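Each chain gets a letter, A, B and C, in the order it is written, and its residues are counted from 1.
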Amino acid sequence: MLQGFLIGLEQFTSLAVIAGLLGGVLVGYLVGALPGLSAGVGMALLIPFTFGLDPVVSVVMLVTLYMGSEYSGAIPAILVNTPGEPSSAVTAIDGFPMRMQGKAGEALTLSILGSAFGSILSTILLIFSVHWMTGFALAFGPAEYFSLAVLGLSLVSTLSGHSVVRGLVALLFGLLLTTIGTDPVDGVARFVVNDGLLGGIPFISALIGLFALSEVLTMLETSDEKPVVMRSIDGVTARLGILKPHIGNLFRSTFIGYILGVIPGAGATIASLTAYSVQRRLSKHPEQFGKGSPEGVVAAETANNSCMPGALAPMLALGIPGKASTAVLIGALAIQGVRPGPLIFTQHPEIPYSIYIALLIGMPFMVLLGLWGAKAWVKVTQIPRPVIAAIVCATCLLGTFSESNDIFSIWVAVIFGVIGYLMSKVSIEPAPIVLALVLGYMMESNFRRALVASGDELSVFVMSPISTTCLFLAVIVFLLPFGEIYARRRRLRLDAAAAVRTGDL
Amino acid sequence: MNRLIKHAITASLLLSPLAAAAQADYPTRPVSYILHVSPGGATDIMARRLSIELEKSLKQPFVVENVPGGRGAAQFAKLNSADPNGYTIAAVTSTHIGAMNQTLKSYNVDSFDWIARLATEPYLVVVPASSPIKSMKDLVEQANSKPGSLVMAGFVRGSGGHFAWEIMAKAAGVPSANVRWVPYDSVGDAVTATLGGHSGAAIAYVDLVRTHVESGALRVIGIMTDERVPQLPDVPTLKEQGINADTSWQQMRGIIGPKGMPDDIKAKIASAVEEALKTPEMVAYYKESSLLSAFQGPADFTAQAKKEDGTTKALMKDLGIK
Amino acid sequence: MSQLDVNTDERPEPREELPPAATLSFRRQWGDVAIGTALLGFALWFFVTAGTIEDYSGEAIGAADFPRGIAFLLAIGSLVILVGGLRKLRQAVTDDHLIVVRRYRHVIIGMVMLVGFPALMSLVGFYFAMAPWMAAFLVLAGERRPLHIAAYVAGFLIFTRVIFEMILGTSLP
């Protein structure tokens, strides 16, 4: 391993590699902040530029771009409730309320520092565990994926705020939407009212609609209001202390992000949702979640950034593209004649090790850029609200289009914008819908796949230890909040009774 | 409105004596090359590679445009509405022909002009290295002696890979119902599932299994080609193992255009493609990606597409897929 | 942290500074009735349409079964909301249960404009659609100075051209 690091470090004596690193961070920062342009799309758009480059330069550039965009998706999420990356939708749940309370600076600082912590710790985990993790990644077959999806969906009771019924209805609404498209097993079209839906509802468009465009409509209600005045932010050194109360949260969220990153197909959005829910469950102030809890921002951002090194484990060691962005990385390496897989560590050690080093030394640049940027970005909140509304709206419409080069995806985004706005008026939150959109397809396709493979034996879901554990946890996770609600009501009743007895009323 | 104007201009161009000259000059402006996939995958990279070579020889940029919506629906719609003047072309694969018979029935092979075939990828059967199945004979034996015990992973029902399996099963005398076909979201996912031991075998391509074969995790027991492939020299063909499956059934990649393109423009693009495929860059790329060079010009490619379409229809009828 | 807490207390209360505007308000239960009915219809459409899906695979769970099950559950869930709303509507009015839509005309025009944008764009292309659309949206949101509007629109279109078309290489119609 030490020798590998030396080979990797040697690469960084080249100016071209350093330039690739800085370029990647900068472009990633930009791509992440633009809604609709996800990390995968941004990386793919850079691929033509990498044709003539050295493999190490191109991989360093793409990996740091990936890293940068995973962070900067939080910026528009916090400032204008517009997730720049799908996973930062979770950051918006608490980041945007913080900004409405005039704490945009704090939220941005927390998001960059949490991201940095998650990314670096997770990279270290990756370096030491990449070979063990391959077995873990491969252990997931249809039955395991189904149970994992169920476990994810069981978070709905934690995510659904004060009304569990509304949370469940939102979840079911989202699940029903995921059945639109080509059937995963039989290949027949289901509920396809327009050919554009054959591939299912475009996820990013739906997300932009639910969060950003519905927020734009909400802004129209109050766009005659004066901008919320921003208070100044502390100096950089003072700001590091801001993480102190979140240490446990940081470690937990990093582990959650890393593990879910390793599982192919799980992804950053699930990681963020999980870390967010776990934190909400463990927090001393769960009632603040959804209303501007710094803990929520830290959990979501730490998890989605630690997911990324996790996703590199199966990609490097097995050549498995777990997500769109790692698929692009494999493609970019293939152009250079480098094939990720079990042999890459012996045939091309410079690739994995320069990725590690790029992640470790790219992050400080990211932090500097992020902290410097945070100062500039908070000024966004002083722009008159009509202008913000129009610019956010226009950028979202443009971003959705460029994601698929198809006007159909704009239709999806605007329809979801209207739906999201109407639902928020009757207190149906977007979080459970997102949860369903991410996991619904995974649940159904793997359930049916497992049944086809086993010849309709339902016992297949309890035969594997991973699957059984996930299902067991799902029941507990789903029921826990109900127990708490019961306990709280009981306590209130007892208190009231006691108060009556002692005459305190 | 734009389209009306465009049509009017094209029509007047075609009618005027300038038309012939305009076609001889082709291309005089950038050509857009529409893909049905998101950026970054194998088809995308191949198109981007090729467009560099085409730009070198035709002196105009070939702009790759990714239109991944609706599993090919958006690409077809866009191509269908474009003028057949050679400035809009699109990528095509065998999967498109499958789609024309299933989810995108409003199109058929006659809806487009088939310009050039670029490459093919043969199908193969892969098993985990720990599997007792060492050859096609073992596989056939297990399938027939213990029906339902073998799980075969691949792409969705009705895809090229699924039909490849049906073709070889028929040739080997394995009834369709004896093996459980488990469809995954992509061929790559099917290989991963086989790697993890969640399925007993998979139908895949050389490119997707090569590293795992080299590292000793997977074993390829047969490949559906006439001759062995250079990337896997130890793997016997199906024919060598006594299974006479139709080896022309391979995953194909090509270029199509809107219906009604002038023949000389099609020929010009096809010959530029043929030249491009001979450049050292493309040869190296083909070798690295385990693609078989399989150029066909407009006439041959159209015939080949019709043949594949016929095979697809016959197989769907056999399997009761609508 | 303690400093933050202090700041939280000082945070501006935007609602109080708002100028008077046309406001639509109605009891929350009416909203529940509306959304319950809409979701019930949505679920029923899926349930009925699922019946037309070809099911030739012969497994225990086919293409139609999953959507059917979920549609059934969603129908129950939306009925709970619908019936709950109707029941409470018969009780006395309590004023903390209001849905308030401030400047509702602006919001409705905004919705129409959102839905109108893709239609406009498919007719005249991105730039010609976005320029008037964005100007109109700025006016709707409350920006009335013509020079500012022109500057914002021009700025956005240049940003589009430079970032999306030139640097990122996406092509816009």
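Please note the rule applied: a residue touches a chain if its C-beta (ideal position, glycine included) is under 8 Å from a C-beta of that chain, and two chains touch if they have at least 3 such contacts.
In this text, all values refer to a predicted model and were calculated from it rather than measured experimentally.
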{"item": "Chain contact graph, described as a line, ring, star, complete graph or other shape", "value": "complete"}
{"item": "Contact-richer chain pair (by C-beta pairs counted) among A-C and B-C", "value": "A-C"}
{"item": "Approximate Å spacing (C-alpha centroids) for the pair chain A, chain B", "value": "33"}
{"item": "Between chain C and chain A, distance of the C-alpha-averaged centres to the nearest whole Å", "value": "22"}
{"item": "Chain centre separation (chain B, chain C; CA means) in Å", "value": "40"}
{"item": "Contacts with 2+ other chains: residues of chain B", "value": "65, 157, 321-322"}
{"item": "Chain C residues counted as touching two or more neighbouring chains", "value": "54, 56-57, 171"}
{"item": "Sequence positions of chain A contacting 2 or more other chains", "value": "45, 48, 185-186, 188, 405, 452"}
{"item": "Chain B contact footprint on chain C (complex, rising order)", "value": "54, 56-57, 123-125, 171"}
{"item": "Residues of chain C touching chain A in the complex", "value": "1, 4, 7-8, 11-12, 14, 17-19, 21, 28, 31-32, 34-35, 39, 42-43, 46, 49-50, 53-57, 59-64, 66-67, 70-71, 73-74, 77-78, 80-81, 99, 101-104, 106-107, 110-111, 114-115, 117-118, 121-122, 126, 130, 133-134, 137-138, 140-143, 152, 156, 160, 163-164, 168-172"}
{"item": "Partner chain C, residues of chain B touching it in the complex", "value": "1-2, 32, 63, 65, 157, 320-322"}
{"item": "Chain B contact footprint on chain A (complex, rising order)", "value": "40-41, 43-45, 47-48, 51, 138-142, 182, 184-189, 192, 194-199, 202, 264, 318-321, 324, 327-328, 331-332, 334-335, 337, 339-343, 404-406, 408-409, 445, 449, 452-453, 455"}
{"item": "For the chain B and chain A complex, residues of the former touching the latter", "value": "38-42, 44-45, 48-49, 52, 64-74, 77-78, 102-104, 106, 148, 151, 156-159, 180-185, 188, 192-193, 195-199, 210-212, 214-215, 217, 284-285, 288-289, 321-322"}
